[in-house]
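First subunit A sits with subunit B, and in the next complex the same chain sits with subunit C.
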Partner chain A sequence: MADVAVPEGLWDTQKVPEGIVANWFCRDGGTVEAGATVAELMVEKTTYEIAAPAAGRLHILVPKDGVVRPGTILGRIEEA
Partner chain B sequence: MNTLAREREHRLPPFGAAGGWRTVRLAQLLPAKMGLARMQQVADEIAHEAAVPALLIWRSQRALLVTRQDTRLPGFHESAAQMASVGWPVVARRSGGGACPVGPGTLELATVEPALAGATMNAKYEALSALIQAALHGFGIAARSGPVASAYCRGNYDLAVAGRKIAGLSQHWFRNRNDIRCVVTAASVNVAETSDALAAAVNRFYGAAGGRSRCRAACLTGLWYCCSNAAAAADLVRDLGGRLAALAGGG
Partner chain C sequence: MPSNRILTMSRAISEAIAQEMRGDPNVFVMGEDIAKYGGIFGATADLLDEFGEERVRDTPISETAFIGAGVGAAMSGMRPIVELMFVDFFGVCMDAIYNMAAKNNYFSGGNCTVPMVIMTATGGGYSDAGQHSQTLHATFAHLPGLKVVAPSNAYDAKGLMISAIRDNSPVFFMFHKGLQGLAWMASPEAAVTEVPDDAYAVPFGKAKVVRQGKDVTIVTISMMVHRAVEAAEALAKEGIEAEVIDLRTLVPLDRETVFNSVAKTGRLLVVDEDYKSFGLTAEIIASVVENDASVLKAKPRRIAFPDIPIPYSRPMEQFALPNAEKIATAVHEMLGKGSKKAA
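Presenting the complex of A and B:
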């Protein structure tokens, strides 16, 4: 299993406590390619594209509009 | 930020370092869509993490730059058509925030750089914000960073003069066509557009699109209105661009 995670330290949570998952570009249970953009975060006025760390089947843990912070595991990829 | 992250962050040269930044300054007044495309092109030219970062300075024809979220508002298409018919074409951008009006009296800029390990959103905002503040300081203007209530496209990195927004910043992180992680931090500085016209455009767009966001003209300003001995507005836009380029390039 490979974690799809928000990088640690990506933003200062004292300035912006949290962001949201603005969009998932793959459905839960769907297969993804390594490096493909699978989600987009919105952190105040920043959009941040999340890439799949591995190829395989995506399991979404935080749905669209769900709250995220640096280090949050957004989903897991069951490697093929 | 931890020590390692801080060290990595500092691998990119600060503004003003000799040879540290490449300035791309576009002289023509471009359709907004073309300016945004040029920004993407500069990002796509980054071929490796050690690539020289770029500062893009450009001027846009009148347009309303909206986010992808804005394009999903229930009345977006009708609103965009209405706005275009009154001289405000609506163009979607990739960074976040809200609708941002641009035109011949605003100056658009963007830092385009590889996103190194340990890079943070805040550091990128602070670097561009400091550059704009330094350029405005050259005109005798003290701009402070922080959110401006009731301004359009509000954010933590708004720049304000006497409490009125003069510039806004937004950001986009992505992989470019060379599979390099990039970050673009964009800003729009109002030099000479009237606050009333900017606020009216934003409010008209959201009113017709079904969005809740509204702004007040009294919360906005421009460089030309802040300068007591201002040159012609068009000259001021050009002068600000020149000052930013000189500060970024160490010239």
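Presenting the complex of A and C:
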């Protein structure tokens, strides 16, 4: 299992405490390739892309529109 | 890897453009904020990084200049994609659109084609007032010489954009802001779809039966496809089966699919976010009646935006927009089951 996490320090939480998951680019249970963009976060008006850390089956833990912070585990990838 | 990748409509459009730019050096993009910003509705995201400033060009705020430049480029052998940020801004560039782009092929006896895509954002529902919220599909569909495309989901958007770029006629590619999947604007879930990696084309003039039904035909396009499906799902719970047709392109218009459906259901409802009078709703109803009025078991009906400027006020705009409840009520009336008030 590889964690799909919001990187620490991705944005300044002193200014903006939290963001949301704007979109997932793979359905829950779908397969992804390592390095593929799997999700997009929205923090105020800035978007950040999140890449898959490994290839395998994606399990989504934070759905679209869910609130996230740096360090939040968005999902897990079950490696094939 | 099986293609279970899902994309928003904005990403599907920018992927289509990127794939065609890789394959054809004559394809380029220009418009306001399309390069560094990636298009204010995301339709040209990431293109500047891959293709550079020569092929992905930010323009000054002069639609008169850059739509005109697009026509010239197209007539000189290029295949420009020019973004008109909001369709509402067409006023200052209409001469280039309808006297040049739409007519020059005809005027030149077929010697000069204008293979240009004018990509533009349409639609309301988010309180952006009357000069940022119109759809205006019919304004362009009315003019001979232009093709008019308005996708309802990411799969169609990619395939229709590829067809638009490859087409030798000027094409108006009209995407609804509320379907783009932008983080700051609500978007129907069904607009996000699985999108194959390869560069596939969705042909023009082929409507899609989104949902099968025997009781009534609902003909629509763009955002209103989602409202119609929502209504059809509610009606299905009462045992009413509505067939929903997504026209996908207005020019060319797939009348055959509409005729075949109405011959089966005997009832026609047309739903459009564009203005009511002189528009899509009238065109579809007239086409069906001209073809064979005898198939109709009830008067044809239409739901469109009333003939008023689009209000800024949220309650007023939402009151005026077509929605699932209005669609379901109209279907009830057509079936002689009276108007059911929402619970």
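In the analysis below, the second predicted complex is superposed on the first by the 80 of 80 C-alpha atoms of A that agree within 3 Å, B and C clash if a C-alpha of one lies under 4 Å from a C-alpha of the other, contacts with A are read in each partner's own complex, and residues count from 1 in each chain.
Here is the rule we use: a contact is a pair of C-beta atoms (placed from the backbone, for glycine too) under 8 Å apart; a residue touches a chain by one contact, two chains touch by 3 or more.
Computed from a prediction, not measured in an experiment: that's the story for all the values here.
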Subunit B versus subunit C as contact partner of A:47, first or second or both or neither: both
First, second, both or neither for A:9, with subunit B first and subunit C second: first
Partner chain(s) touched by A:22 [first = subunit B, second = subunit C, both, neither]: both
A:30 touches, of subunit B and subunit C: first, second, both or neither? second
Subunit B and subunit C contact sites that coincide on subunit A, given as residue numbers: 22, 42, 45, 47
Partner subunit C, residues of subunit A touching it in the complex: 20, 22-27, 30-31, 33, 36, 40, 42, 45, 47
Complex contacts: residues of subunit C adjacent to subunit A: 1-2, 4-8, 11, 181-184, 192
Contact footprint of subunit B on subunit A as seen in their complex: 9-12, 15-16, 22, 35, 37, 42-49, 51
In the complex, subunit B residues that touch subunit A: 1-2, 5, 67-69, 94-97, 118, 120-122, 153, 155-157, 168-175, 179
